[in-house]
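We just call them A, B, C and D in the order they show up, numbering each chain from 1.
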Amino acid sequence: MNFRSDNEAPVNDQIMQALVEANQGFEESYGYDRFSVQFKSQCEALFECWVEALPLTTGTAANSIAMALACPPYGAIYCHEGAHINADECGAPEMFTGGAKLIPIQGDHGKICIHALTEKLAHSGVHGEHEVMPAVISLTQCTEAGTVYSLEELKALKALKEQYGLALHMDGARFANALVSLGCSPAELTWQTGVDMLSFGATKNGAMMAESLLLFNPKYKNQILRQRKRSGHLISKMRYVSSQLCAYLTGGLWLSLAQHANQQAQTFFQACQNQVEFIHPVEANEVFCRLSVDKIAALKQEGFEFHVWPGSQDIIRLVFSHATTADSVKQLIQAIKE
Amino acid sequence: MNFRSDNEAPVNDQIMQALVEANQGFEESYGYDRFSVQFKSQCEALFECWVEALPLTTGTAANSIAMALACPPYGAIYCHEGAHINADECGAPEMFTGGAKLIPIQGDHGKICIHALTEKLAHSGVHGEHEVMPAVISLTQCTEAGTVYSLEELKALKALKEQYGLALHMDGARFANALVSLGCSPAELTWQTGVDMLSFGATKNGAMMAESLLLFNPKYKNQILRQRKRSGHLISKMRYVSSQLCAYLTGGLWLSLAQHANQQAQTFFQACQNQVEFIHPVEANEVFCRLSVDKIAALKQEGFEFHVWPGSQDIIRLVFSHATTADSVKQLIQAIKE
Amino acid sequence: MNFRSDNEAPVNDQIMQALVEANQGFEESYGYDRFSVQFKSQCEALFECWVEALPLTTGTAANSIAMALACPPYGAIYCHEGAHINADECGAPEMFTGGAKLIPIQGDHGKICIHALTEKLAHSGVHGEHEVMPAVISLTQCTEAGTVYSLEELKALKALKEQYGLALHMDGARFANALVSLGCSPAELTWQTGVDMLSFGATKNGAMMAESLLLFNPKYKNQILRQRKRSGHLISKMRYVSSQLCAYLTGGLWLSLAQHANQQAQTFFQACQNQVEFIHPVEANEVFCRLSVDKIAALKQEGFEFHVWPGSQDIIRLVFSHATTADSVKQLIQAIKE
Amino acid sequence: MNFRSDNEAPVNDQIMQALVEANQGFEESYGYDRFSVQFKSQCEALFECWVEALPLTTGTAANSIAMALACPPYGAIYCHEGAHINADECGAPEMFTGGAKLIPIQGDHGKICIHALTEKLAHSGVHGEHEVMPAVISLTQCTEAGTVYSLEELKALKALKEQYGLALHMDGARFANALVSLGCSPAELTWQTGVDMLSFGATKNGAMMAESLLLFNPKYKNQILRQRKRSGHLISKMRYVSSQLCAYLTGGLWLSLAQHANQQAQTFFQACQNQVEFIHPVEANEVFCRLSVDKIAALKQEGFEFHVWPGSQDIIRLVFSHATTADSVKQLIQAIKE
């Protein structure tokens, strides 16, 4: 039973079906297909505003193109020290921006500490041109720790963004999980709290390889198509990316898949919270908890698959996905309680 | 009837079926799936040598990562002036290499003129460190003009490559079409004629989004995985790229699809060669010919879709793909002959 | 007797004296010294307009920062194929811009052929985002062939610049030589003919290491200080650069030095034009002429130093500098006539 | 009286005299002058080993070229969070490397905490290709806090460097001050404690604009000349950089200048240590101490010039240079004691 990653889960059947249906005859290439047009419309309806929607195949591409749009090569990007863009993208933001600097900010449970960021920004500029120029705040929602920024926390970031004239980027590789966790609208979670750019992921939540970069602020849209092309991310047969995204959003599929995943995580948490130390609040579909080394070994032997968190020996990460069955969660709970 | 681009053709049924079959349960992500392993094995069997095989989703990514592996930021890449890497990738090779310089070489019918290249290389180095350093020769096979380098022509490039200690890269977006056109083995067309790196395309010839970079020379493999990751080209659910590639190579599917496409182009050429001026020799699946402006308008009105070549008014490009039916070719011939 | 390069000439005495005089006590660093302020004022007086003046130590830095200011990483820079930025800067413009593409344009005598450029621009954009975006025209004045664009030729470039919304950059490593050759005003030769940015050289014409980038168009000044700093070109003890520049401009020194250099070249040309084939018109201080291989050897043996032009065997370049004496020119003429 | 920066001090007379003497007649350009040859020889004699010596005009260039030589674009550079390369070069190392990542390490008094670095390196690699690759440790000697790493501390860094196969770089903008502080030999302070590359500064200690990059390990010398050229740092009239460096090293001038500067700082420290809080140990020529806001204002009014440290209100930095007179130090001491 696989709790290792939502990237290891299969494609949702409705999305696979959409791919099969998109495979009829010839269709314009390089993003001029009808699915790409439809996806933009669906986004605008969902987010209740103008949206520039750029279909992509990886979250790293979405994040990095966002950085290239908003951050000059002599700019600074403020993010949590454990943010995917800082810790897991092998320098992609640096590559796409031509050498911008990521400023790692500390904070509990995967969230940027607002006080640490405030202080960092307050000290920026004292060395003038000898320093990089503050340009972007990037946050991950849900965070890499499986937690979710509240709307209040986002508004505090928005205030800083406005004070310093920065762009606000949200890495939403698991945006759907955050949205259903908070129970707010997509608009409330994004542009209404100051988000200019959203890396809007679908792959982890049921698509095959379908991500996108959504812009809510036209200020950052300059040459977005050339930025995609020059990084090799313009897919020729784009209909097969965009049709995934369309199916993902149709009929609320994305929300029900995320709801299911989050629910499995909650079931696990509720059942085990008295026996197990949870490292971070369980607010979406990722769970970090501490088990004995012996217990970890036993679980692995029983066929449960998960990551022991890099750098630790007794902290495991469990990811509950759209494809995680209630039965497998039940078995996991039992195995842990034994 | 679509003769505009093989990028507008649908996915071949066997490849689509392979995707459906790959969609069973959980599978390791980020390239550690069994299809990626299988693809490497298939490549090694086909090319009869050690191969480093890097599955990717675009040809621009394959080309650009190849350049990053073999060309330092102060290096020079020699290619035809009309090469895809020079004319159609919006500076991607420059981005991936950190600023290398592409040196455009002239030549008829899309092929690098060996004399022009010889002269260019003979003059390189006269300004010492003030000049970029020769590093790579990149050729496209089939060329952007639909022609195919003979093995003899490739050997002349190989000799230059060896004389100057360069890497030899082949952009094989339509490699299968070249291979069946020449009737030689994959090994003969690549490493046996000095090719160190092949951008091995499948998308145009029937896949959905599946390309790969194949290395035959271990000298260039340094940090190939990090190069893929930092450019955002590491697909998380990699099984859905690699399973396409496996199906593409299984049972000679790739060759029969290319054979079909080339055959349609030949049929057209044979039927029309006396009435129409062909701009380049017809050696694979792309055809460039001159028609009157009136004829072009008439064909468009009858529902034939194709590109009037950018920069001209009376030269059209016709692409015959794996999905082009013999019947549609027949109709096109009739329409042109009328 | 050295006719090899104006880079091998010594520093003019007045400039050396200025350095000695600047060496009094402490002075603010990093460009906030009084000489840097004075240099800007002198430029504004000379060019009769607002000027952003950035003191630098190399022409490559001036050119490359100019490119970084006006050309995005997905942009195109149009220049003569033999332009210093294309042929002699080892990819510096590509480095500073983050990967822009230089489009080499042909043309006689080192000048961009206006027809070739017009055609190239007319065809730009046909591939949309697949192509780099036209951004800059860069010309060298005097050219690398020792010729000088007339004001009419410059106006033709200005018209193209305006038609396509490009920046116009002038590499003026030998700007003074061009100016005295044309006998026009600095304003006429620059912003009045559409020049947005001038790499304004002083080193070749008598300074020690003092170049500058002058902006006439505020549109391109964004973050010019950070561009200088991040490329390592912010000199800490800047007074020693700026005081050279101030002395260079004071009392018309720069013009008299260039006048002298040009005059020596003319004297040589007038004396030898009937015996020797001159490759390019002699319009400033560089001369290219063809001599027999035996003659070249004889001259070298007699102690005349010059470059046989790279790629040729019988074309030599003679550079006449501010430090070239009339006597040495006389001896060279005699030696050639023997 | 200026205690603001050694960058505001004038040029030492012997060095200015060397410039005047170098200004005789013509001399080969672009680094092929006799002073550049002599400087390499002097370095090899002083450091008692093979040295590649690259004359430059800024420390940022020296540091950044060093990074480009040893760190790939997907690499990591470990340095103190306050290191010049991280905090004061506006992203130059990122630019020169094509996007490498600087990993800031904490530590008291400007020194990398060996435990923090050990832990950071121990955790590197756990995310495989998703992470940047450890490549360089860069330390500043003297540090930005005016302290000096002991040979024992350097050996601990050397052990880590060897364990992880990294390059060890020393930013020696004030190398002479560190050397005389420790009283060891140049060899002991560099390659004998594992230093592969030294940014060897002269400007702050009496030169006009003369820095250099010294390589002790031939492994990192690949294409060092092209790295200098492509960043615009190849000075055409190089004799005027190299002759400064030669004079700097001749007759122990560099050591006596540093000795003087350090001595002034010690005099100040000895006299004031009982009245004033010193933030960092005083080991070279920079002093950080806390004064009351009123005292600071009073000193400024009396004509003492110094920096209130950015981010603080009551910490000042005093820099004692080769040009700081004993008398001015005496006056400063008196003013503080009043």
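FYI, a residue touches a chain if its C-beta (ideal position, glycine included) is under 8 Å from a C-beta of that chain, and two chains touch if they have at least 3 such contacts.
Not measured: the values here are computed from a predicted model.
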Mutual neighbours - chains that touch chain C and chain D alike: A, B
Distance-maximising chain from chain C - centres being C-alpha averages: A
Pair with more cross-chain C-beta pairs in contact, given B-D and A-D: A-D
Whole-Å separation of chain centres (CA-atom averages), chain A against chain B: 34
Whole-Å gap separating chain B and chain D, where each centre is the average of the chain's CA atoms: 50
For chain A paired with chain D, centre-to-centre distance based on mean C-alpha positions, whole Å: 42
Sites on chain B at which at least two other chains make contact: 30, 73-74, 89-91, 95, 98-99, 129-130, 132, 226, 229-230, 234
Complex contacts: residues of chain C adjacent to chain B: 73-75, 87-91, 94-95, 97-102, 104, 123, 126-127, 129-132, 310-311
Residues of chain A defined as touching chain B within the complex: 2, 4-5, 7-11, 16, 19-20, 23-30, 57-61, 64, 89-92, 95-96, 203-204, 208-209, 226, 229-237, 240-241, 305, 323
Complex contact set, residues of chain B against chain D: 30, 72-74, 98-99, 128-130, 132-133, 223, 225-230, 234
